[in-house]
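Two complexes follow with chain A in common, the first pairing it with chain B and the second with chain C.
Then we have the complex of A and B:
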């Protein structure tokens, strides 16, 4: 429990209704997906309950957040902020810590149509922002975690690959400026905002601190609190009069597809042909989506229930599916559409591919177009099992993603043979290209049994082996590194970068109260 | 199902927060994107469907106790089922069922329900209604121009709210039935509360007693068909009763029977009702009204670590509620224009009154009705229509509190006007 006077001081900031220390309420924050792996590694029964916060506060404004952070510094209380809080990295590591739930800070502050940026608060979700942007003919980059998660969380604190990455890049690339409560409570506004009240650039006229604030991976809440973010926007390829319209009833919704849109699932017998096609499709900027998963994954993408997905597997989908790219050509005009679709056809033919949609192997319904651009397809993976985790993967070139996938297969197969992880024949990957260029992202989602110690530990061992392979085979930079140990592991052969991150952490967080949990710890705590 | 039987299910929550919003594909605006009035009002994660499921698991595991604040968490929920629809877009979890089971467990442990609930449960037991009204005055709404037939095997089960608070609905229903030539009888002062307010707050033992005695009474009276104008009663009789007491009585809601009358030409909508209306789907007539089909079978591993139910488990995703009947009726009323809100059908936003909230959390209930009214107003409609006296009461309170120009009518009132029966 927090000392009575400390609790009372927090209460004074947010008001009685917006603070709690009830154990039950706290447990709803301690519980996180995948915590069971860490608990199994500690030799405990696998469970999702992690560190229970001493209190949760719900601030409404920047000033309240600042006051909370200052109080934490004064009383040696750790804090961790989050937006929607999906994932163990949103939880605490310090037992003397509080959780700052930013749910009440949920406004879209500005949409600058002409200069193509939006300024948002933490608890604006991807779906909410998207709805408002469409009215302006714009869209943003939404991370693959889902439409219900926060673009601010991802843009400020995570890498952020998503389904529209070929077109919109990744979150880290799209953050322009932020309002940042530093770990000690000072406010810093990055970018042009302080200068002219407009937020079109993240750098200058002051110094650029974007690298320090988030760098490649993001600080997972270990470096203060972001209360506003300006993010870059993109043109939405649909006529202005087009409206997002869903009809029907769950699970078979119908959705109005904009006029010049078409989906493909291009399938290539060999990885080499796949790789060449992916490079060329990216280079020619033809597609908004370029996503690859296991054949099993394809079964889940364009079906609406687990039963349907499994039936499509038994109907022979796996035998007809090799290395495929789910693509969405989304054009503004008819001429653009014609040009792009012809180009797709010719690239497919050039590399000997076939279109699984054309051949009826998989049939996306109109609602799946909607789900694709609303970033809902990742959720379909949960249809098979409520529990999977992904390896740290790599974010590098398309060729590197392919190499990673190839090298990963026999490693994964070994653990499948041991019976500790789900059987996707070692083919379970998620690859997406980035920014219509040479870049791609690759990770290997893996199903395991969260209630079994063997399975949790088996998954952890598989992940360790993948990490080792990253280093031994020089497989590029992981898109996701959690905690001091894993940072140290990679840092050994990457110029000890983690020491620099630690120095930054120590300099910005002298009292060590911004709970690092899955980030790095800075210097020793003073008290 | 007990909390113990639900443990695996509760522990597989991903804490993804999808249950705070309507299914993501149907979101059209930021303003009307949420599904859960409880998280919208109270804000802590524990007040969402997923959050409550986590606390239910924590309680089952002995990690927490049911403190006064936990009782607020547990009962500050309208039991509207919205969370479950959104969760089931992808997962196989049943947060609303878990919430109900935690309520049952809280009552069994002697801590639940809340004081206000205990008081009205006492009144139900004593006066047959939660309002504490005189049981003899139950049929006081009955006017001389209404004909009933005590030998009929069709019962109009009026329900407590239409009997004592929204008498106009009872009158309209009875007159429509008369006009269609549909014989029906009443239970009069012998009619007992359907048990909904008792059941919803977790006093399952008392609720089952009520269900049993009601079914016995119906059987003794030779009832084969029950008509109800209340979504709460409909839900109890149609969905919850069969989970505990066997019966083969047909249960229909007024919107369904009126739709049938129109199809068979038994009533004619001749009078114009020149209103622009929007329709609110009551939770208990909509997503919660799917029959509960008990399932027995086994979980089999079809692919490694991928399980299915054999035989397939009947799905309850909210698709099978009564959505079209009220709309089909409204659309046939001459002069009436129906416009839709953004959140409809299985993703309708709850009025805020259910699950014992109107009595234990009146401020929250009123706030939620205001949320819904704002959405109704945003359609440009002048009138909000629904098909439940309890939703109606909360909306009327909401309209008053916000000085809204909007009017509220039950669907039966508009039908009565259109058949000229209100003259």
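Then we have the complex of A and C:
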């Protein structure tokens, strides 16, 4: 329990209705997806519950967040900000800590239609933002975690691939101005916002303090609290007169596909042809989506129930599917559409591919087009079990992503043979390109049973082996190389980068109160 | 510097890479003359030099480009500085056409890089007609805007990974280049140092970029390139006012139909084409390309969609006008300036002003600046302007040049440089890359926390303020 006077001081900031230390409420914050994996990796018994906060506060404004953070510094209380968070990184590691739940800060503050950026608060969700943006003929880069999650969290604090990445890039590269409560309670405003109240760039004057903000992975909430962020927007490729219309009921609802859109599932017998096609399709900017999964994944992508997915497998989907790219040509004009579809056909023929949609192997319904751009397809993977997590994650070239996929297969198969993870024949991957093919990443979504100790331990061992493989084969840095122990393991063969992050942490969080569990503790590395 | 110190540096680098000849030192002289110039040729030498400078409390000023120096950021601002001239590190280390990336050392110039890229079907993402001696690496580190905003995804583009020797003497490869694995091992695994972010949970390349040599000395970078067009067409438009292009420009940003996309005022156009012709007050340049398979059809669809947008927004797009032909514009792209630098052609001298804003505010800022010019008695027909959309149109670089004759207009040019920039700053122009006289005012306008945060960063990477002291807000370092 927090001391009475400390609790009272927090209550004074947010008001009685916006603070709690009810044990049931605290448990709801401690219960997080994948805690069972992290506890297994620490050598503990796998369990979903992490550290329970001593209190949860719900601030409504930047000033309230600042006051909370200052109070935490004063009373040596750790804190972790929480938006739509799902995963151990959303929770605390220190037993003397509170959760700052930002759900009351949920406003879209500005949409600059001409200059294509939006200013958002932490609890604005992808779905909420998309709804507003469509009215302006715009869209944003929504992370693959889904429409219910926070784009501010992804842009400021976490890795950010999404299904539209070839067209909308990566969250961390789309950030403009930012308002940031530093760990000690000072407010830092990045870029033009600090100078003239406009949000159009987050860089300068001189060096860009975005350099300490997040890096590639994000600081996972280990370096203060972000209260506002401007993010870049992109053109929504539909004619001005097109309106978002749905009918029917979940899961069989209908959606009006914009006129110049066409989905493909281009299938290639060998990885080499796949790779060449992926390069050319991405480089030529013909597709909004370029995503690859396992044949089993394809069964889940374009069906609405587990039964339907299994039926499609029994109908022969696996036998007819090799290395495929789900593509979405989404053009603004008929002329653009005709050119792009013709080019896609030419590239497919050049590399000896076939279109699984044209051949009736898989049949996306109109709603699946909508779910693709709303980043709901990732959620389909949960249909085969109630849980999955990803290993690997290295991000550089398409060629590296393919090599990762090839090297991963026998490793994954080993754990499938042990019966501890779901059977996708080791082919379960997610590859997407970014920024018209300039980058790509590969991760391996892997199904496991969170209620089985054996499965949790098995998945954890698989992830450890993947991490080791990435080190040994120079395959980039996986997503979940975060936290002091894991950083130590990786940094020794990666130029001791973590020592610099520790110095940043020490300089900006002198009291060490911004929870470091998925970031670093400040100061010198423990030998 | 005393003889012992010079001898120690000669020991590190070899005598032939060190000079204190007055004639040579004068080339590098800024507010203060340097005491020594050195020409290292590898990372190891730079590491030793930085460690030595820390031990001896002597400042280092890294330089990659030769003169003319219009901005002065790499000229010493304190006494006893050692110029670290990286000109002799001029190797193109690697070009990867499949992944559209080049890896280069600091001394590589555009005219050196372009032919090598061309051989494998690539072109650099580059600024408009840079000076011939401009280091490609320095241009990337300066956040110099590129002429093709469609390919400008993040402010940092086209800079990707770097190898940096920080002010502490520690070396870090930034971005995916950090590892795991050596560069050779990464290449073998299919990597090409394309992901600039990281390593892990910080972005050191964003700290080095824009730092004007105050955080680290960069020994190589990887940079984004693009495929050479197989088909290309340029469209031009003329206007009395930038606002006449505004609706068109915003529509084009959204569609990413054009490669080259920028605007020049008549004075800059005259300077850049080295003519005395009379041009429209503003010229809009749009470059369109087609590639590979179906190149003709790609070009056709892009051009026709652009023309449709032109018709809808009342912008008359032509390949040629009476005064200007698109072939003339093509002739100034994808190359460096001839010597002397084109900015010196109109009046012999030039001051540069540059800031970032959004497109809808550019005409207003331009008018403001011209208004101040009249107050300062500086001839408005010697003010050049270059408007370059960045970040796929989210913001815009504005470059204003004051072409002045020595003696005749020097005083009014100096006066305009100070007053004009201050007025722009007061009215909301954002000097994201502050150089020269405006620098102090920029950091006075910044909130104290921004300056304090920058100084904390500086204290981590260059704790003894060895690197280019007196630059940006780094007059001293927090201890």
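Side notes on the structure shown:
As a convention for this text, the second predicted complex is superposed on the first by the 511 of 527 C-alpha atoms of A that agree within 3 Å, B and C clash if a C-alpha of one lies under 4 Å from a C-alpha of the other, contacts with A are read in each partner's own complex, and residues count from 1 in each chain.
Just so it is clear, a residue touches a chain if its C-beta (ideal position, glycine included) is under 8 Å from a C-beta of that chain, and two chains touch if they have at least 3 such contacts.
Quantities reported herein were computed from a predicted structural model and do not represent experimental measurements.
When the two complexes are overlaid on their common chain A, residue A:217 makes contact with chain C while staying clear of chain B. Of the two partner chains, chain C is the only one that A:235 touches; chain B does not reach it.
Once the two complexes are overlaid on the shared chain, A:487 sits against chain C while remaining clear of chain B. Of the two partner chains placed by the overlay, neither chain B nor chain C lies in contact with A:351.
Within the superposed three-chain model, A:48 lies in touch with chain B and out of touch with chain C [touch as defined at top]. Residue contacts after overlaying the shared chain place A:89 against neither chain B nor chain C.
Counted by residues of chain A touched, the larger count belongs to C, out of chain B and chain C. Applying the stated contact rule after C-alpha superposition, one finds that A:226 touches neither chain B nor chain C. The interface of chain A with chain B does not overlap its interface with chain C at any residue.
Interface residues of chain B, counted against chain A in their complex, comprise 8, 11-18, 20-21, 23-30, 33, 42-46, 51-52, 54-55, 57-59, 63-67, 69-70, 73, 85, 88-93, 302-306, 308, 312, 315, 317-319, 323, 345-347.
Contact residues of chain A toward chain B in the complex are 17-18, 20, 22-25, 27-29, 31-33, 47-49, 56, 58, 84-86, 101, 103-104, 108, 124-125, 127-129, 131-132, 146-149, 243-246, 249-251, 253, 255, 296, 305-307, 310, 313, 367, 370-371, 374, 376, 379-380, 382-387, 416, 419, 421-423, 447-451, 455. Per the touch definition, chain C reaches chain A in the complex via residues 98-100, 143, 153-156, 171-173, 175-176, 178-182, 185-186, 188-195, 197-212, 214-215, 224, 227, 250, 253-256, 291-294, 297-298, 301, 304-305, 308, 356-360, 391-395, 428-434, 442-443, 445-447, 449-450, 452-454, 456-457, 459-461, 472-473. The part of chain A that touches chain C in the complex is made up of residues 112, 114-117, 137, 169-170, 172-174, 176, 182, 186-189, 191-192, 194-196, 198, 200-220, 222, 232, 234-235, 279-280, 283-285, 332-333, 335-336, 338-339, 342-343, 346-347, 350, 394-403, 435, 438-439, 470-477, 481-482, 487, 490, 493-495, 497-498, 500-501, 503-504, 507-508, 519-520.
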